[in-house]
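Presented sequentially are two complexes of subunit A, the first with subunit B as partner and the second with subunit C.
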Partner chain A sequence: MRSRDSVPAANMAAEELPSDFDIVILGTGLAESVVAAACSRVGQRVLHLDRRSHYAANWASFTFNGLLTWIEEQKEESKPEKIEDWSSLVEEGEELIHLSNSDPASITNLQVFSYTSEEEEADEPNTIEEEKAAGEDAVKESSETESAGSKEEEDAGPAEEEEPAETEEEEPEADQPPTSPPSNQSEPVRKKISHAQLVKEGRRFNIDLVSKLLFSRGSLVDLLIKSNVSRYAEFKNVTRILTYRHGNIEQVPCSRADVFASRQLSVVEKRKLMRFLTSCMEETEEQTAYSGRPYSEFLRDQQLGESLQHFLLHSIAMVTEDTPTEEGLASTRHFLRCLGRYGNTPFLFPVYGLGEIPQCFCRMSAVFGGIYCLRHSVHCLIVDKDTNRCKAVIDSRGQRISCSHVVLEDSYLDADRKRTATPPRYLSRAVLITDASVLPSDPDQQISMVTVPPTTTGGPSVKMVELSSSTMTCIPGTYLVHLTCQSVGSAHEDLLPVVTRIFRTTEPQEEDRRPSVLWCLYFNMADGSALEVEGHRVPSNVYVCSGPDGALGHEHTIRQAESIFQKILPEEEFCPPAPNPEDIIYDGDNASPGEDRAAVENGGNQEENQEKEGNQEENQEKEGNQEENQEENQEKEGNQENQEKKGDQEENGVNQEPEE
Partner chain B sequence: MAIRELKVCLLGDTGVGKSSIVCRFVQDHFDHNISPTIGASFLTKTVPCGNELHKFLIWDTAGQERFHSLAPMYYRGSAAAVIVYDITKLDSFQTLKKWVKELKEHGPEDIVVAIAGNKNDLGDIREVPMKEAKEFAESIAAIFIETSARNAVNVEELFQKISKQIPPLQNAEVESNDSFKLTRQPNPTTRRCC
Partner chain C sequence: KEREKKLQIYVAARDACFTKRKDGVFDDEALQLTQQLLSSNPDFATLWNYRREILLHLETVRNQDEVQKIYEAELSFLESCLKVNPKSYGSWHHRGWVSARLPRPDWARELSLCDRCLSLDDRNFHCWDYRRMVVKMSGVPVKQELDFTDRLIGSNFSNYSSWHYRSTLLPLLHPQAPDTPSQCGNPPPSASPQTHFHRVCEEQLLKEYELVQNAFFTDPNDQSAWFYYRWLLGRAERDEMISCVYVSREEERVAVAFSRPVNAQSVGVEWQSVHPHFKNSPVWICSLPPGTISDVANEHNLTVHWTEKHSHRDCALYTGRSESWCRDTATDLELFRSELSVEKTSVLQSELQSVRQLQELEPLNKWCLLTIILLMRALDPLGYEKETLAHFQTLKDVDSMRSAYYSDLCSKFMIENTILKMEYAEVRVFSISDRKLTTLCHLDQLLLVTHINLSSNQLQQLPPQFAMLQCLEVRIGTLFFLLFFINLNSEISTLADLQPLASCPKLKRLDLRGNPITQTTNAEAELAGLLPSVTDLLL
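Up next, the complex of A and B:
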């Protein structure tokens, strides 16, 4: 039998990692995962580690119970790190860079509110919550009162409590009543859905820390398709664009069909809107004349009327009052180009949540030999003093693992090694579980993008995504609502005004038809776009990835991943398509495994062959594509048919299979 | 005949022969030295079942089980899971429970579970009595079978048993609710923006 045979799972913890890789990657966020997939795909030996017990870092999605645990962890994380002495592992001419093993700065101002209560006392939930709110923001700052901490403190008005939390980890029941303690006092029948039910059905939730959508012609969609990572995930169309205007939620007509079907637009408005949308696809002199001036001004001068201006500015371009015209137009065009590729809106959302996407890239990496280990920390980088290159890393067990490149999530670096924007930027996030849609409709399984313009002058504009249970992110009868904006204050301060306008958090009144909030979470997350591209104090072969940024799409992250890949492997193609399943040949005849390392190397070789195949295949596919594109234009087939096509392609693939 | 795609995920410790089983099933091939998980997103094989064709999409762990780091996405949408142990390694049987638990935690609720005791060609160094394994399988309402990927024993049968347990296609609310995969040439709809 195979000689690299089993390591019993019981001993799994004891198994050592191989000790030589091309690339060591720390953190399983989206950028790191894309780099991992890209590098493994072209034959690099990748070790991909995360100190957390879950994939996707701050991009993760959690079951309800998983999220409660995560919330707990955020509070605990502030233990001081013990610095171990690894000097025995360091050779002459080498020095150590210690890495951070917690991430105290990226999540702050965590607050939890539960509006499902146990007793019939109606006002109970609220009062609890308010008290909670006070003691609670403290939760996070405690650990390191540096950049992030201090900034947030100011914002977090109510949170003057925070202390070195290590000393009093208790956080006197602060936010907890509704959450993890086995619900001693919070299960009522007041609402249809109780807290107990949320917990009981918790595994059917997939609650994302990040709220983004995929632009149907954005760089993430392109990459998923190009690399064939798209095989691992399924998507849904965002079904409607909504906006908050004059105290109501309204649907924004954006496709041609929407415009004509719209009941809120007059015939004149419909004509104006269509004319505008058509004309803005091309650059005109008139537009150029507005260059540098606000897009809102440009729109104002188009005689569009107030509601159309609102739709165009806030929901289609999704920019602010003072965004310059050229930028506004560029966003408008991007939006329009993305319409109709898959559906009526420009956006897609992954079934089971965004947290799937990094996992999909990790799988691609693993399939091409990448080695994965969660709950595994790296303590230091070993740097060659002469060359200023990182030669190896030391993991938490004191194993020295050599490598040619290191890619790491920025939270692994101490603050003084990173270059970030000053003042630091944060995102404000809220996650709500509600009992109804913000705009009930006949098929109730809608996925809605809701734009909420600033409610106060100078306030942030809020992006809200409402997911129905069809996305497999929440249980039937509930909706999962994600709110995101650039932080001005704490998440609670920034988003509460919007939440209380659109949702009900108090006893239902007659006439009040707003959805009720069953449970909600507020937190701030460091804005990944605040991390500078260059200028970190790290060795020349160490590359830093940022966490999620505040934009709706994924362009920032994909660009970052591709640029890191190109620095590491300038000659190689970024994410060429993986072969079709039918093309895989188990070719082990010349393999001489012996041990794991051999298996890995040998995998690399084999992979080269496959890569060649892959390339051929790609060329063929390219030709194929062209034809198909032509056909496409003539034929206008639907989704299903399209998938069948894919099937055909795969079968063709079988015929091309070169050898046995 | 209607083709039904069924995702099957493999579980079990490193080295028990998960990949060998798939390789035997899909390509009727066995190799002592395969380093199998490289490059294989999943393998497919279509078998008839009643008046349907079952196209199995068999997902291998790609080594992510080795350091106990399988991603939840691995289990998504699986119609069945095959948990493999090695009849010559007691340890690999003892960890079955762990895999069952993991599956309960992350897998779909209605998943068909099969337990395969592999390497039954090595009966002389057997460490796991068949009876015990069978009882355990029964206790969790799982299919049980002993296989030998090497000698092509019971591998087809394993998948036949799974096929039989797959509930007939219902109105398939969940499946048909318009989620889709992204493909190379997306469908142009008749709608254009303007």
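Up next, the complex of A and C:
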């Protein structure tokens, strides 16, 4: 984690936590963090813990080195939990629910491949045959480690079959002190980036475990704006929508400007596309007539031509061949509504990666008094037998902390207490570091959303996001590519066909202009949407949050967080706007926006870190604000403001003043 | 309360400024004060003026480096003002003024400021103005500016400013070669009515057609692209020239028609506009001194010199003839194609085809219909007459708010067609009845017409330009009369409406049957008074 962003976690190695909270939240994933922010904001005392050493759980972003460490951790066998006896802390009429202390199931089938020049020049032009044997070994090794780690992995199919035809190595061993010699620029044509370089500049990577985008009119963007959490982050527009079609990467014209500029569409196609996009915003009888029938059929009958149908189905609606018309239209409309709010595509991406988002909410929670501890967990819930409510928790230091509500990430619950879809669903993920864009252009700092339709009928359609270094997620000269699809087999099985088609994993040949993969990682992640909303075997005041789901947007998670919040605090508003630090006036006699001030004082009251016994609210406030001011004002807020103003401008037709 | 306090401070500062100005104080404090006021209200023109006075004063007392510094500070202050109001006249004007006075101007910085402002609001015309000034002062290459418009149009083509800027840049960058006449097989270049200065070479023109077609196919309801398209299709203003000289022996008059309205200055002889109201008129009349050309047995050669344009036109009045003329016909000049340029017909034809293609997709788009009409007229006004009329009908239906405009435009085209037909038939009879005309135009082209029939139209009034018809009054010994029908429901209702006819002194016969004026009591007597030359009046 980048230190500049870490939430002010109470650092109290020896000190005890307060023993009474309103809400204890376990896990710092997006849903949990949103709940934490929402609860703190309205004055609840929140204790937010994560047993991991990093924020954002499976939503996290890692530096390159951090990711290597994480990979190692995933491969480690989880230590058998020793059941301690907490009976001394349990009172009469209470029983314990033990929580799981590791998360063996959510990440599986981890495989790493490196194609960078590790050794001397002579080694570089490896023939495929040579490598194959070595590769197989390595794969075997890695998957064995995994199987040991998790039993559930079986359903995803063992990975040790035969696929890897590429060079492969086990990265982690070569971890921190780079064993390889410094970069050798063997190719004068294309500048090669060595593994050592990746490690050396690893801090400049922010590699997300999940790959999502923010729909500019999606619920997450709305929430960020409404709650003012947006001031903690900076966003960039996804600059283009691409699709894989007939063996080529093509740009999908979706906005008016795109359609105008498109070179591949004839003017008649342009007209037809624009007309379709305009007309589908309204419901027509013609559309209703197709309800229940596939969207692809509806599109076919619109006389749009083959390429427009492809664009509309796969890239704009982002649905499959047999999605019903009404659903296809709904997602087309959502896409169009998001278009043009911030730019020429409907999507935003947070600078420094998606892992920023949960942290932003944690920060908001901390500003309003939430207390944060990492590497800190809860062993058991203490449940009142009569009411079936959780009265308190016992934390990993054996302290009993009473609380009125518990929110937890689903991996804290033993499998038999959860209700999930059967068979369990997984996402297949691949993370690639490449040396060029899939569609080079000028300027080259593009952020691209690429849709890859199913290669075989019924196969998964792959969503690919290519990030340039402008997103601060990778170093200049490289691109970070995220591939995601619903799992059919293992991540490697699902995604390798796409990777080999679009990217080059062997030595460059003449005429081959595909980008080279420098390094890649495959893994499967449990699909958060597989977790049922209701029906878990937990006390009535314990709420379960799921991990990331496979959808491109964040609607599922935000909906989940909001509904949990409403169950806990049915009377309260969900994430009301936080006062702007500039609006707060410290000395009392000035006329100040009264409401905001009250709100802050309220927040300040909660902000009782145990180090600071004194209730100097103003100090507290100031601290919070200064911190914001210092860190965000210069670097972030300015940009974010622009970003938002831009939105306003487009919405209201007002002009924006020039920036300094 | 807070606001009141602010207001008090503001008012106090303002008054302080005014006092200082009155006292002629041009010090740093005044600069400070005005800065404070202007940063909260950048539209305070008086303060900007005061500021300029101060700056001018400081210029005289400080050395150049200091002045440079002061003006640089001024520029950054202006940037903050522009943030308050990016469309402030005062701020932009002041910026222009400062930039022009800056000892060592940094034009690159100004240009990038414009870039930034326009990327935030690509329709800020203040900034466009300023940009043009910066470009002019710093000599930014035309190509670079053209690329800039490319970029802005690419991000949002609904932008008049960018298109317009293009239309000024293209002729500079890709001028039409002057020696390739755009019309083939027509009058020799000297007689060509076209100037080539504002035209764009054909190769570039084709690229522009493609660009703008992408725009209007993408969004046919966006006007800016259509307007640019019309500019592309249009041709430069016609040269001023003498298009017709007419001599009448009996009247001892010369009438001259110009291609455009001019303000004739008499040299030697007295020239008169056809109508006292017209200072500028395409038709001018000169009464020759009595007896100059009255002898039928003589042959006269007249030359009209137009000194201003160094052009002249001859006209010979032969023995025994009572009148003579010399002219370029509308057909020769392709006058009525002048709405659109005379590109190679094939290019226009393919343009028509693609716009028709769009019309198939968007049958009710008014811009599309209108452009089709214009293209058809450019190609073959008579051949497409029927289709044109049908499109006009659709236009009036889909855009009923502008139906009167379309009626007028349609009238104009009908009159043009009738003139073409008349010229083709080589007659001097202009007959256009029952065509739902709502307006009369091109009357200067009817200089030679002897008979006019306007019955059964929807004319509201006779325009004063009707006086141009007077020049044709000619006695060819035998019976001559101007047959004049105006026939419509309730339109010609008062005598005043007939006033323009008074300028046609040779009007002999007037048929007003069906007009409400005939209902007026003693209409006949009054008409006789108004139009003494009319001998044959049908009521």
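Heads up, the rule we're going with is that the second predicted complex is superposed on the first by the 496 of 660 C-alpha atoms of A that agree within 3 Å, B and C clash if a C-alpha of one lies under 4 Å from a C-alpha of the other, contacts with A are read in each partner's own complex, and residues count from 1 in each chain.
Heads up, the rule we're going with is that a contact is a pair of C-beta atoms (placed from the backbone, for glycine too) under 8 Å apart; a residue touches a chain by one contact, two chains touch by 3 or more.
Because the structure is a prediction, the values reported are computed rather than measured.
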Touching A:578, do we find subunit B (first), subunit C (second), both, or neither?
first
Kindly classify A:274 by the partners it touches after superposition: subunit B alone (first), subunit C alone (second), both, or neither?
both
Output check: A:231 vs subunit B and subunit C. Expected answer is one of first, second, both, neither. What do you get?
first
Is A:261 touching anything from subunit B or subunit C once the two structures are fitted on A? First, second, both or neither.
second
Greater subunit A contact set [subunit C / subunit B]
B
Pick one for A:330: touches subunit B only (first), subunit C only (second), both, or neither.
neither
Based on the superposed arrangement, let me know which partner A:196 touches: subunit B (first), subunit C (second), both, or neither?
neither
Name the residues of subunit A shared by its contacts with subunit B and its contacts with subunit C.
256-257, 274, 344, 591, 646, 649
Listed in rising order, subunit B residues that touch subunit A in their complex are 13-17, 23, 27, 29, 31-44, 57, 62-64, 66-69, 71-74, 76-77, 86, 89, 91-92, 94-95, 98, 105, 119, 122, 150, 177-194
Hey, which residues of subunit A end up touching subunit B in the complex?
1-12, 15, 17, 55, 203, 216, 221, 224-225, 228, 230-237, 254-257, 274, 277-278, 281, 336-337, 339-344, 348, 351-352, 356, 359-360, 362-364, 366-369, 371-374, 376, 445, 470, 578-579, 581-582, 584, 586, 588-589, 591-593, 599-600, 602-603, 606-607, 610, 621, 625, 628-629, 632-633, 636-639, 641-643, 645-646, 649
Note: in the complex, subunit C contacts subunit A through residues 1-2, 79, 82-87, 113, 116-117, 120-121, 123-124, 153-157, 213-215, 217-220, 354, 357-358, 361-362
Touching subunit C in the complex, subunit A uses residues 256-257, 259-261, 267-268, 270-272, 274-275, 344, 591, 646, 649, 655-660
